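In what comes next, chain A is part of two complexes: it sits with chain B in the first one and with chain C in the second one.
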Partner chain A sequence: MNRKLTNAVFKIFVWAAMAASFGILLFLISVLFWKGFGAISFDFLFTPSSNFGAEGGIVYQIVGSILLIVFATLIAFPLSLGFAIYKSEYVKSSYVQNITDTLIYGLNGIPSIIFGIFGLIFFVNLLNTGISWFVGSIILAIMILPTIILSTYQAINSIPDSFRENALALGLTKWQLITTTLLPRGLSGAFTGLLIGLSRAIGETAPIMFIATAFSGVTIPVGFFEPVSALPTHILALAQQATNPQALQNAWGTSLVLLLLVLIFSIAALWRRVKFSKIEY
Partner chain B sequence: MLVSYNKIGKGYIMLSTYISMLIALLIFIVLFINSFDAISQVGLKLFTLEWNPSKNEYGILSMLYGTLSVTVIALTIAIPLGIGTAIFTSEILPSAYRIYVKSIIELLAGIPSIIYGLIGIAFFSTWIASFFELASGRTILTAGILLSIMILPTIVTLSDDAINNVPKKYREAAKGLGLYPFEVIKNTVLPIAKKDITGAILLALGRALGETMAVMLLIGSIDKIPTPFYNVLSPGQTITSKLGREIGESAFGSLHFSALNTMGFVLMLLVIILTLITQLYLRKSNRLYE
Partner chain C sequence: MELKELKEPIADIKNNTETIINVSGFNVTFGETRVLKDIAVSFYERQVNCIIGPSGSGKSTLLRSINRINEGTDQIDINGMISFKNTDIYGKDRDLTLLRKEIGMVFQRPCVFPRSILENVVFGIQHHQKLSKAEKLEIAETQLKAVSLWTEVSSRLHEPAHSLSIGQQQRLCIARALAVKPSVLLMDEPTSSLDPVSSRVIEELMSELKKEYTIVLVTHNIAQAQRISDHLIFMCEGKVIESGDKEKLFCNPDKIQTKTYLKDEYCDCNQ
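Let's turn to the complex of A and B:
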């Protein structure tokens, strides 16, 4: 009887845990959509903000966020592609393999605010760039490097050696082998990693709040070393004046826009992963 | 011509490798150099209670306490809830639905932390304030609860993988001995999945330690250890919230800046070590069933 009772208690616990978890998750999603849709309108998306964000829209914040991640992509993508090819094709000793592993996983583990402090010290103060969206892009690029590297490395590394041997037997140089045989397959992994990285990068506040963004009076930057305004830092500024219902309303609207952008990237990544995980050699 | 392309190609690959590795080292070195001032000038007085830059007092104990207490609260809530949910999704839920449920949970793991912070401010802090009849709902407990929600998806999805990776034959053998589902899970499935679940928890711990935005908005930002120390219904301060609040205001090169850097450096080391343990040690487990 005792065993039966424990089993029943356990079942209740598991169902309760499930109900609580999904209750919370459902609550989060419904709050974001319910509050967010109330705040979003055509005007909100296409007018600049005014009165410290409490009035007007978020057009420059959207532009700023997209600018940040576009340049982060341009910086991070070629770097991580090269690193992943190196790790998969050039490293011969397991010692070097361990060092690169440690660096990548270490970089992946650094808390996001530390990236912000690094950017503040190294770029804004030592290199004297001032508050600059380009520095923000660089920092976001550094942040998503490990994600893209690992995803690309896994894709390239899973290509069987017979592909390489065939290519080399045909007289291809190593570079031709890489461009004709390995990259076409490796790129799909790289894009998946990029999408995952971007879905994280676009929502990050801590790395860019000291180094790349200004809250008000910012339009579209004309040079590399000017601040922009971005969606996450806009939410931060609005959340700090949460007693003003109008500001809070705009914060919900901004959150929903940001969430939708994040979801576009992460759903695309998920879809690619499901689609390309079926490749078998 | 072919050879030169080959060389250019190799050059590009080596260059990007060196740049990436240099960046990783640079972050480490820059933070270390900048925390050096505080370590040499403040020294052991870092481990005191008073933080007052105008008097050159830089005690980080209350921040350490805040980080620790918030993390403990978050894990206390998230571990049982997360593992319970993972047992549900991997053992009870029909496997046809599992992929959808998992996808949804993984998408939720991607909600930016600032949005959690906003939800925390708008709902959780007011609930806590009215429930416990406090003047302000921005307390250590509020931050801990919100943090537990933020790390829940990580624990659920990774533990679910761990439990799901346990081969069917173990369950069938245990069931064949006449064990109840609870006994099958407790005595057979969980011990095998233990290592991977530990990995999931360590990863969640790393995320909780480094989480900034939501905690910063909710913890109240007061550099004090509450009296008595287990009174989590009072405001506090974590390392990350301190950094987020003050690093913009401190002058570059000052002792104040350096002391903040030291905290950041300590935090970074802690989280990196945790991450490395999870990735390099736990992943290399040679599973007994393979």
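Let's turn to the complex of A and C:
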């Protein structure tokens, strides 16, 4: 009887934990939809903002955010792939392995505002780049490096050694082993990590607010060293004018657009993970 | 009983006594542990050279030293000499790709790549020479016939190699190794993860393959060694205790340890 009771209580607890988490998520998303849906229209998505964002749309912010993460991807992806391959296939000493682990987790643990300050001091002031979306992309790329590295490394490292030995015993060079056997699976992990990283990067405000974005008077940039306007910083700007109901309404609308973008990345990551788990090794 | 059926007649297999691989003064240390101690042994061309011994005796390490696949291991220290066709395997400018092309290897557990059966057969060879589609098919047919797998898979060459049974996968791995055209085939307990019927098929295959290839086989299965080996090497605790013709070691060994091991599968090397 007692055992049965424990069992029942445990079952109720895990169910409640799941229900609570799910409930909170559902609540957040519904509020966003409830408040934001009214603001979204064709005009809102495809016209520039005016009157400090209280009027008009968010087309520049959408373009700015996408520009930031596209270049963050171009910078972070090859670097992470190389790092993960080197860590998995070339580093033999466990001492060096520990150091790289510490570095990666350390980088992952740095609060995002620190990246912002670093970018401001190093790029904007020291290198004198000025406020630049490209610097923002570099900082976002550094931020998502650990996520992509870890997920690529885990994918490559989980390939059994027998595949390496069999390939090498057939006379393949290390390069051929990596490209034919390890990369196909490593890439899958890298894409998953990239999508998770991007869904985080696109919503980050702190790292880009000092170095890459301006709140008004910004259009679509034509060079590397120009500011852009981005979705999260736009929300911040609008929220600061909360007494204006029109601005608040646009803040909700912008939030919903940002959420939908994040959702696209998350679903893509999930889809990749499901597909990737089907590869048999 | 089965043993008797397959026991080969003592035929004229000993005509050929050319050595192809010679090991001398060979030592391997992993970290603090000396795994191979002053090994000196020869392997004969176109024979089944069989290394036997209890677990941990260094059989696999010796085998894996021949194609230098051991080298990826952390903290390994190798010294001594292994020569292949009178050239030093551990020589300074030795090209590992060419060495492994000459000395193929089959592992304990079959390991097929997540590709089709056809692509698995040509997986190694296609990195050594450019192949047209027709050439790939031709190679696949030849090699799959050589391992008597052709009739079973000829209609499904483009299906995933994982769909084959474990025994078939192991024969596919042998075909893949043969496609590279080696002259030596190293086999590391190739039947130990297979069922008895599949094991027997592989054994018959080895007896067939030795007409063209030198086979170095590691096994801990004494009955298997008795069935198919020509030349026998008995190892224990990192040393070669005795080596010679199979008949000599089974009937009239020089060392008492050899006799005890072959009879009782028991080994106390410090006797």
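Just so we're on the same page, the second predicted complex is superposed on the first by the 253 of 281 C-alpha atoms of A that agree within 3 Å, B and C clash if a C-alpha of one lies under 4 Å from a C-alpha of the other, contacts with A are read in each partner's own complex, and residues count from 1 in each chain.
Operating definition for what follows: a contact is a pair of C-beta atoms (placed from the backbone, for glycine too) under 8 Å apart; a residue touches a chain by one contact, two chains touch by 3 or more.
Remember, predicted model here, so these are calculated numbers, not experimental data.
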Overlay on chain A: chain C relative to chain B, clash or fit: fit
When both partners are placed on the shared chain, which of chain B and chain C touches more of chain A: B
Which of chain B and chain C A:176 touches, first, second, both or neither: both
Chain B versus chain C as contact partner of A:165, first or second or both or neither: second
Touching partner for A:92 - first (chain B), second (chain C), both, neither: second
After the two structures are overlaid on chain A, angle v-u-w for chain B, chain A, chain C in degrees (C-alpha centres, nearest 10): 100
Which of chain B and chain C A:14 touches, first, second, both or neither: first
Chain B and chain C, minimum CA distance [Å, superposed model]: 10
Chain A positions touched by chain B in one structure and by chain C in the second: 173, 176
Chain A residues within the chain C interface of the complex: 92-94, 160, 162-173, 176, 180-181, 279-281
Contact footprint of chain B on chain A as seen in their complex: 3-4, 6-7, 10-11, 13-18, 20-22, 24-25, 28-29, 31-32, 35, 78-83, 85-87, 90, 98, 100-118, 120-122, 125, 142, 145, 149, 173-176, 178-179, 199-200, 202-206, 209-210, 232, 235-236, 239-240, 242, 248, 251-252, 255, 258-259, 262-263, 266-267, 270
Chain A-touching residues of chain B, taken from the complex the two chains share: 2-3, 5-6, 8-10, 12-17, 19-21, 23-27, 30-31, 34, 80-85, 87-89, 91-92, 103-108, 110-115, 117-119, 121-123, 149, 152-153, 156, 180-183, 185-186, 206, 209-213, 217, 240, 243-244, 247-248, 252-253, 260-261, 264, 267-268, 271-272, 274-276, 279-280
Contact set on chain C toward chain A in their complex: 67, 69, 72, 74, 96-101, 104-105, 107, 109, 111, 113-114, 123-124, 127-128, 162, 173, 176-177, 180
